[in-house]
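There are two complexes below, and they share subunit A, which is joined by subunit B in the first and by subunit C in the second.
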Partner chain A sequence: MRAPGPSFPRVVHAEWTKLLGLRSTHVVVVATVGLVGFLTHLSSSASAGDPGFVPTRGLADVLPLAFLGVLVLGVVVGAGEHSTGTFRSTFAAVPQRIPVLLAQAVVTAAVALWTGVLSVAAAVLGILPAAASREMTPDLATAGVPGLLLGSGGFLVGAGLLGLAFGALLRRPVPALVAAVVLFLVAPVVLSIAADTGDDPVAVHDPEDPPAATAVVNTVESFTPVGAGAVLTNPGGGGLDGAPDLGAAGSALVLGCWVAVPLTVAAVRLRRRDLV
Partner chain B sequence: MTAARVVAAEWTKLASLSSTTWLTAGTVCAAAVLAFVLGLFAGPGDAVSASSLASSGYLLAQLGPLVLGVLVGSTDFTVGTSLTTYAAVPRRIPVLLAQVVLTTALTLVTGVAAISVSLAATAGARRTAGLSWTLSSPSDLRTAVGYVLFLAGAGVCGVLLGSLLRRPLAALATAVALFVLLDQVLATHPGHVVDTVRALLPSSGTRMFADEARLSALGAGHGPHLGVGGGGLVLAAWCVALTALAGFRLVRRDVS
Partner chain C sequence: MITAEALTKRYGTTTAVDGLSFTAHPGTVTGFLGPNGAGKSTTMRMVLGLERPTAGSVLVDGQRYADLRAPLRTVGAMLDVRSAHPGRTAFRHLLALARTHGIPRSRVDEVLGLTGLQSVAGRRVKGFSLGMGQRLGIAAALLGDPSTLVLDEPVNGLDPDGVLWIRSLVRDLAAEGRTVFLSSHLMHELALCADRVVVVGRGRLLADASVAELLERSRAAGVVRVRTTVPDRLAPALVRAGAAVAVEPDGALHVRGASLEEVGAVAGEVGATLLELTAEAGSLEAAYLELTGGSVEHRAGSR
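On to the complex of A and B.
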């Protein structure tokens, strides 16, 4: 006979019901998959006329930016209960509290993975018309493509979990989303502007020996979630100039740390501090 | 129930939230700090102008008016006070217009403060890079005014999205996609269709404060040649279209 009370599978089941019961979850998945398919189609059709057109190259155009949906989803899972007040019943039912956070991580990762799989399929469908117009068959077994598809799915899972961690840490959806947007969308542009500003536009640098400022900026960038995501979604592209080449495994580790650190702090806050 | 009273009531709501103060101060600080930090990278002979240095803080600063607007437009619906508000103003539209007017005014003031502080913060970088900025130069004045107008446009779009979608997170995610994300996705793959779509996004409003180098780079693309005024008109058209959508939902659908 099963012991009464909230076993971990039951907590996961409860979180799963809550997540799938929200209309926003379905909207996010459908919108992400639809936009990835449409924008991939748009950009690969735009380049279909180029002489050296390779259909599978279009796969990497939009996939790296499909994270916004799952990021919002993660924030909703992490902060939603605190803003609606249902956290009272949730944590009365699971007084240890930590299992709830872990269960939320499990269900967010599952939905993000599912979104990733569907988005990858949508991106593959998106390049087919452009490939057909040139009478080419995209070769998905070419070197790099399986890694790209795997990395894209992994990046989406990382983004969803990071959203969850920020949401659980800050407990308020809007500040959590703003923090995540700054990290994911503003920081990369700022770093690339910093690298461009400090660069003489006329000078040609040896990629092996870039100026010190560029090397510093690029090193910082390869340790941001987006820098790690860029390596994951473009395997074999090599590191940025002057930055250590972390490789796919190293970048996955960087992304993992970006998830683990705020999630751990959120767990400590959940365990030690009052819920209000 | 006069228009002035509706504006006064909305102002009381807006001014009594601590988030308003924090967002306004945060926008000014974020703009100035980012402009200052990016200015540290500038040296003589680099591809920067005094205007692009001062306005580079917009990357962070635009989030302030967006969040402020979204909160103004959606808070009534999330906390449930919409019932009281629209019982008091049954014609409903005056409330939306009052929110738009107040957010415009507040973001204009914030924008003027942000560009002034950013200009002060980049004074050292201008000296290092050998650039100058004067209010009497028409192009410098144009970028400063454009910067302020862009922030105000972002605030207005935020209010309208917040009122249209009624949920802060959904509205903010949509706003971020329209102002930041889609532009970044499409920029990686220039082409006729892609550049046209890109030019019609609200982020086209950044042309209002783009310096000559960036404008000519944009003009060399495959999309429509909008120029400074065209970019502003695209942002204004988004505001008008969103006003129509938000107004329609507010008048024709239930408020709950």
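On to the complex of A and C.
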């Protein structure tokens, strides 16, 4: 006879059932993929008139935006459990608790990866009209599409898990989303604006010798999830001015650490504290 | 079977449950009675392992809940109507729970049928009425065919049909040899379906008795109204039997300290013809109020 109680594959199966049973999951995936395709199309059409137009160069322009969609998905999974009261039935069924969080990570990562693959496909579709208008055939094999697929997939998995970790930690969707957006999307912009105001506006731009403030900000940004994502979604693009070039592997590691820390804290809180 | 031993839960300086000991036995319906804020829900959450006791223990079939190999097949619980995601359908909610224990899909359909939810199984929970939410909670509790059931205020929000259904359901579950532990703040509700009642107030045990014993106590605490053709003969006889008697303006006697049966017996002994013999309504509730009187957190007009 099969074991009567919860096992990890069973908990993953249950979380998969829960995730696909929510309309928001489908909405987020469709909206993210649609938006990436549409905006890639707009930006590529806008530059189609340039003399040196290379259609595949616009592939990664909009992909970092998918970060937000998948982040929302993760937050919904992590915080929804607590804010709706579902945790009562979930953790009564799996009193060890931690397998639930890990299973949520697995299913969130799976949907994020799927969103990444579809987004790249949407981006490819997005550049086709512009390429056709110039009677060009985009050369996908040499444009690093395999690397882009891998990088985007990894970046969006990271984004989904970040959302999950923040949601599971803060247990309320709105504060979790606000915290994640401020930390990952607003703070880098504020930092770079701050660095720009310190620059000499008429100085000659030299990528080999950027102003000190810019170098510091760019270094910090390389170590943020979005900075890491910019590298992952733009394979072969190189690092920011004055910042060390972490490469795809290094950036993936940076993103992995950003995920691991809040997820571990969430796991400790889940394990130790009462669920009320 | 549920066994609580000196169970205590403190939040900072507030003590929600204070050294509570009781046992809910298989084959019986154990009522858990107390005013709001008496610690009933906290106790039930500790049974389910959602909260850890500050001291003492509560075991299900001799094990801590967290150590159970197949929790849903051992304990079925309905703690709160808000235990399902409003965006999921009833079927999905139950299916996800079933999948954690490898419970087949056919059992999900079965419990939906048992609770009368087939017709709304595909609807999202956010559109459910309170009563439908209660039924969904009970469906989830029955999913693993558990030997112990924990139900927090199961009749809350149910229509009269639903109340009757719950009463016969818990009686049937106990008759099958299961342990049923259900809370209520209504004494008369428990009197109709429970075998034993554990009464709590401010987290402390006030009484642990069979319903018959509590009824006996309530008779002693209650008032019997008796009208007779010969009050002058009956009143002294009742006083001799140890009761306190007051004469009402309409000539009826109000008797304290004697049960309905005792008043009837005394009347028979002295040959008094009775025109009316009634236990004053609410005497059961009166006994409960007397038990919990010192332990209610808020009382109307107590200033």
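Everything below uses one rule, namely that the second predicted complex is superposed on the first by the 270 of 276 C-alpha atoms of A that agree within 3 Å, B and C clash if a C-alpha of one lies under 4 Å from a C-alpha of the other, contacts with A are read in each partner's own complex, and residues count from 1 in each chain.
Basically, a contact is a pair of C-beta atoms (placed from the backbone, for glycine too) under 8 Å apart; a residue touches a chain by one contact, two chains touch by 3 or more.
A quick note: this is a predicted structure, and the numbers were derived from the prediction, not measured.
Novice: Let me test your reading of the model: by the given contact rule, A:221 touches which partner, first (subunit B), second (subunit C), both or neither?
Specialist: neither
Novice: First (subunit B), second (subunit C), both or neither: which does A:5 touch?
Specialist: After superposing on A, A:5 lies in contact with subunit C but is clear of subunit B.
Novice: One more residue to check, A:21. First (subunit B), second (subunit C), both or neither?
Specialist: Second partner only.
Novice: Using the superposition on A, tell me which residues of subunit A are in contact with subunit B and, in the other complex, with subunit C.
Specialist: Common to the two interfaces on subunit A: residues 24.
Novice: So in the complex, which bits of subunit A are touching subunit C?
Specialist: 2-6, 10-11, 13-15, 17-18, 21-24, 80, 84-86, 88-96, 274-276
Novice: Applying the document's contact rule, which stretches of subunit C touch subunit A when the two form their complex?
Specialist: So the residues of subunit C touching subunit A come out as 45, 48-52, 65-66, 68-73, 75, 77, 79-80, 82-89, 92-93, 95-97, 99-102, 140.
Novice: Which residues of subunit A touch subunit B in their complex?
Specialist: My answer: residues 24, 39, 42-43, 45-47, 61-62, 65, 68-69, 72, 75-76, 173-174, 177-178, 181-182, 185-186, 189-190, 193-202, 213, 217.
Novice: Going by the contact rule at the top, pick out the subunit B residues touching subunit A in the complex.
Specialist: Its residues touching subunit A are 34, 37-38, 41-43, 45-48, 56, 59-60, 63, 67, 70-71, 168-170, 172-173, 176-177, 180-181, 184-186, 188-194, 197.
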